[in-house]
Structure formats: C-alpha cells, structure tokens
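Pasting a structure below so you can have a look.
Per-chain numbering from 1; labels A, B, C and D assigned in written order.
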Amino acid sequence: MMIATAGQLPYILVAIMASICIYAALFKSNLFKKMLAIFLLTDAVNLLFIIQGYRLGNSIPPIIPPGMDPSDFASIAVDPLAHYFVVTAVVIGLAEVATLTALIIYTYKHYGTIETKKIKELRG
Amino acid sequence: MIATIELVIDLLLAFCVVLTAAIVFTKDLLLAVVLAGAEGVLVATVFYLLLAPDIALVQVAAGVGISTAFFIVGLRKIGRREE
Amino acid sequence: MLDIILLFSLGMFITTITLSMYRMVVGPTIPDRMLALDVISYGLTVVMGIIAVISGSPYLIVISFSLALWFFIGALYVARYMEGEQIGD
Amino acid sequence: MSGWRGSLLGVLFVASMSSILVYAFLGYPELGFVRPLGEFYLFNTYNFENQDWWSASPNAVTGLLWDYRGYDTLYETMVFYVGIVAVAMFFEGHAKLTKTGGMTVIVRATARMVFVFILTSAFAITIFSIKTPGGGFQGGSIMAIAYIAIIVALSKGFLPEMNIDLEKAHIAKIIGLALIAGLTIVPVVYSLASGSVAYALQNQPKAWAPFGYPTYLGLTSLSGGLIIPIQLGEMVHVGMGFTIMFLLLTMKERED
C-alpha cells in the first residue's frame, strides 16, 4: 500500500495538471484549445522529469565549482540526465506547436471553421 | 530555508493547476494565450527553484517568447471567440 | 545587516508578486492581465537574484539578469494584436 | 455532452485519470534519489584522474548534450529540421517582404536597442556554455526571439536592412548543420586515413583511440574540444529555424 508523504506532493499536483490537459486534448471541440492543451501537457511532463531528478538537502546545480572533488560533486549535485532530456524536449515541443499552428490555419482556410463538430456536419 | 523552498514550489505548482483549469474552461482564446504565457513564467520559476538553470533559460524563451508569437499569429487568422 | 536587508527586500517583492497575481486572476480586461504579468515577471527577476545571493551560488545569478531582457516581449505581441492588424505587416 | 451532464463527465474523467497517474507516480522514490547513470555522468564529466571518460566541460548538461549523448541530440536536430520542412510545405509564400510603418516610434526605438542586447546575450550564453548555464538550444531560442521581436515591432520589410531574408536564413541554417556534420565525420576520416581507432563525435583522446579535439585554447582557457563550435552550429540552426517558421506563418497565403 502506497501512502503519499509531504515530499511527494509535487508529483500529485503535476498529475492533476497532466490529467486536465489530457481531458482537454481529448474532449474539447475547438482545435486551438486542443493545441494549447498539448503544449501545456509538454510542460507538465517536463516538470515531472525535473522533480524526479531533484535532490533534497544541500544540493547544487550540475555545474562543478572550481576546485571541488568529483566524488563530492557527484554526491550533492542534482541529476543532469533529466535536464538533458528536458532541454531537447522543450525545443521539439515548440516545433510541434508551429506545425500544429500551420495545420490549424490550413484547416480554417479550407472549412471556414475550426470546431470539429461543425467540420463533421460539413462533411455530411 | 530548504523547507521554505519546498513550500514555495508546492504553492507555485498549485497555482499552475488553477491556471491550467482556467485555460481549458475559458471561452476567450486570447485570454487563454495570455494565461499560457503566465504559466510559462511560473513553470520557469519552478525550474529555477529546482536548481535547473539551463532549463529555466530555455523555458522562458519558449513559453513566453516564441510559443506566444505562434499562438497570436494563429489567433489573428482564425478569430478570437470559441463557440 | 546585509542579511536583514536581503530578507526584507525579498518579503517586499514577494508581496508585490502576490498582489499582482490577484490582479492577473481577477482583472477584467486583457491589458490588465498583461501588465500584471509584466510586474510579476520583473518581481521574479529580482527574487531570483536575491535567492542566488542568499544561497551563495554564482551559477544561479546568470539567469536573473539575462531573463530581464525578454520578459516584455509577450506584452509586445498582445499590443500588436490589439492594434487590429495582421502580424508582421 | 451539454450542460451539467457534460461537466459532471469532465470532472469524473479528470478525477479518474489523475488518480491513475498519482498511483503510477507514487511508485517513484521520494525526492533525493539520483539514478546511477546520472551519478556516473556527474562523477566523470570533469575528472582529471580519469581522462578516458571525461568530457572536459564543468557544466555536466553541456557535456551530456554533445559528448555522452551526442547521437541522441543529433537525431533531435533532425526531428526539428523535419518540423521546419513540414511548415514550409503548407506555406510556400512569396518571398516579398513589404515595408510598412510598424508600431509607434517609442516601441520601434526600444525594439532596436533590445535586439542588440538580446543577440549579444544569445552569443554569450552559447559561447560560455562550458562553465555557466546555457547551450546551443538556449542560445538559438533567444536569437529567434530577437528576430521575432523585430518582425512584430517594426515589420518584415526591415529584415533585409539587417541582411536577413528567407533565402539567407535558409543558407545560415544549412551552414550550421554542415558544421555539426563536419565535426561529426572528421574523426572517422582520421581513423580511415591513419588506421587507428576513432569514434564518430569523439571529443577527447582515449588511451586506445588517440584522436581528440584540443582541450585548451592557448594554455589555460578551457575550450572543451568540439563542444563550443558544435553549440554555435546548433544555435544558428535553431534560431534561424524558428525565424523561418515565423516568417512563413505570417506570409500571405497564395490565392488558389
């Protein structure tokens, strides 16, 4: 049986944020709203990565100060692997947003609306 | 000091949840874009407090600088109101 | 002495941010919220600098003075939208 | 879904989804545990005693980006390139950049000054990324902000005055990519020519693979081998890529 402690409160908040975004991406009718939800879902997942790599106590950023012993550094710095994943994921998420914007503008030019319900009616 | 920073992180994340709900349920798309920018700033602050300076830089640039520009260009072409 | 000044200014700026957050949640029009977002951002910049000084980490202060440059650009986009023209023309 | 029934369904969906996610996330260890792989990178990134595995960069994230996991970053860059191509497929607009008034004179003057500051800080963040936070992706995003601010505050017609238009941006982006590709391939060519062992994207010399980029510029200043030039290439690629996407999205579409 798993019981949440105070140290795991960030996980719970991020989970609520992600589930709201998933709801909007699935059930909202407006395409623009769906795109915003997908963008915020990226943020929530990035937060999950960084929270997981955090280290309690006297931790420092993953940049070694001059003159510090590497084994000391490895025992107090936060996880650089999570940072690496997030740095690339943010830029890829932005490229995704640009592509979706292009698709939405194209849809609006073609159908005259971006509501999925109306597009369904137009198709008959 | 450490416990204080954890408390601040929890508060900021709770505010992020409120902003997400507001973005999803508002009818005004321009308001949704502005609130998304605010959420980008808050998420960047959380990254800073979690000792990730590299990501705080790229997150502010992405969340406020570039994504808002794309959203606004899209809004200018498709109209502001959601049905 | 310096500690007291730092903590006092930290408290002042956190108060500023809290008040502006109220304006951002409640504020009736879009420009109100955008201005509130600007004030929050600059307050956050100062708070980041103060936290870097308190925790004594030189790598964290790089963020605060480079972030101050491009916070205002979001307001620029919204102002351009409000002018009612196509972006980029 | 309409009325109260729709909102009730929404609340139920969010509650069940978030309980599933919370159940999954609580399986993670509590804050304060770093994976052994992360500890390996932290221990080796600037370790003088163990120079077979080091990356010669005090910033662990930078070393991770282009030394330990260079292949991953290379493919991320390819994904970004495909994104640019996808946007260009939808909007192959005319490359005519018309000059109009823009916003008020105060905003225009401020935007010009801030353009210089932002571009300088982008280069500084990229070049000093070995010792301070920053890197190619960060610098590229910041560079894109500078150009996008100019497009929004002045107009697209001012870009040719700054020696940038669509074709030049494409050329600069391809030069950045070619820099990355060249630095990747040089060790392979060396190994084929000399008959010794070398790996693609190899940065520092190993005991069994003698090829390596210089660790120090001059005598003391740390250069980190291939990391700085490859970050510059990545910065130009990302910055010009976002500028091209924004320019294409704001073009007037062709009349069909």
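As a convention for this text, a contact is a pair of C-beta atoms (placed from the backbone, for glycine too) under 8 Å apart; a residue touches a chain by one contact, two chains touch by 3 or more.
Owing to the predicted nature of the structure, the values given are computational and were not obtained by experimental measurement.
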Pair of chains joined by the greatest number of C-beta pairs in contact: A-D
Between subunit D and subunit B, distance of the C-alpha-averaged centres to the nearest whole Å: 21
Inter-centroid spacing, subunit D versus subunit C (mean Cα positions, whole Å): 25
Averaged-CA centre spacing for the pair subunit C and subunit B, given as whole angstrom: 13
Junction residues of subunit D - those touching two or more other chains: 59, 61, 125, 132-135, 137-138, 141-142, 145, 148, 152, 242, 245-246, 249-250
For subunit A, residues that touch 2 or more chains besides their own: 7, 10, 14, 16, 20, 23, 51, 54, 56-57, 60-61, 63, 78, 83, 87, 90-91, 94, 98, 101, 105
In subunit B, residues with contacts to at least two other chains: 51, 53-54, 57-58, 61-62, 65-66, 69-70, 73-75
Pairwise touch network: line, ring, star, complete, or other: complete
Interfacial residue positions of subunit C with respect to subunit D in the complex: 59, 62-63, 66, 69-70, 72-73, 76-77, 79-80, 83, 86-89
Interface residues, subunit B side, partner subunit C - complex: 1, 15, 18, 22, 30-31, 34-35, 37-38, 41, 44-45, 48-49, 51, 53, 56-57, 60-61, 64-65, 68-69, 72-73, 75-76
Of all residues in subunit A, those that touch subunit D in their complex: 2, 4-5, 7-8, 10-12, 14-16, 18-20, 22-23, 27, 48, 51-57, 61-64, 66, 70-71, 73-74, 77-84, 87-88, 90-92, 94-96, 98-99, 101-103, 105-106, 109
Of subunit A, residues touching subunit B in the complex: 7, 9-10, 13-14, 16-17, 20-21, 23-24, 28-30, 32-33, 36-37, 39-40, 43, 46-47, 50-51, 54, 56-61, 63, 78, 83, 86-87, 90-91, 93-94, 97-98, 101, 104-105, 108, 114-115
Residue ranges of subunit C touching subunit B (in the complex, touch as defined): 21, 24-25, 30, 33-34, 37, 40-41, 44, 48, 51, 54-55, 59-60, 62-63, 66-67, 70-71, 73-74, 77-78, 80-81, 86-88
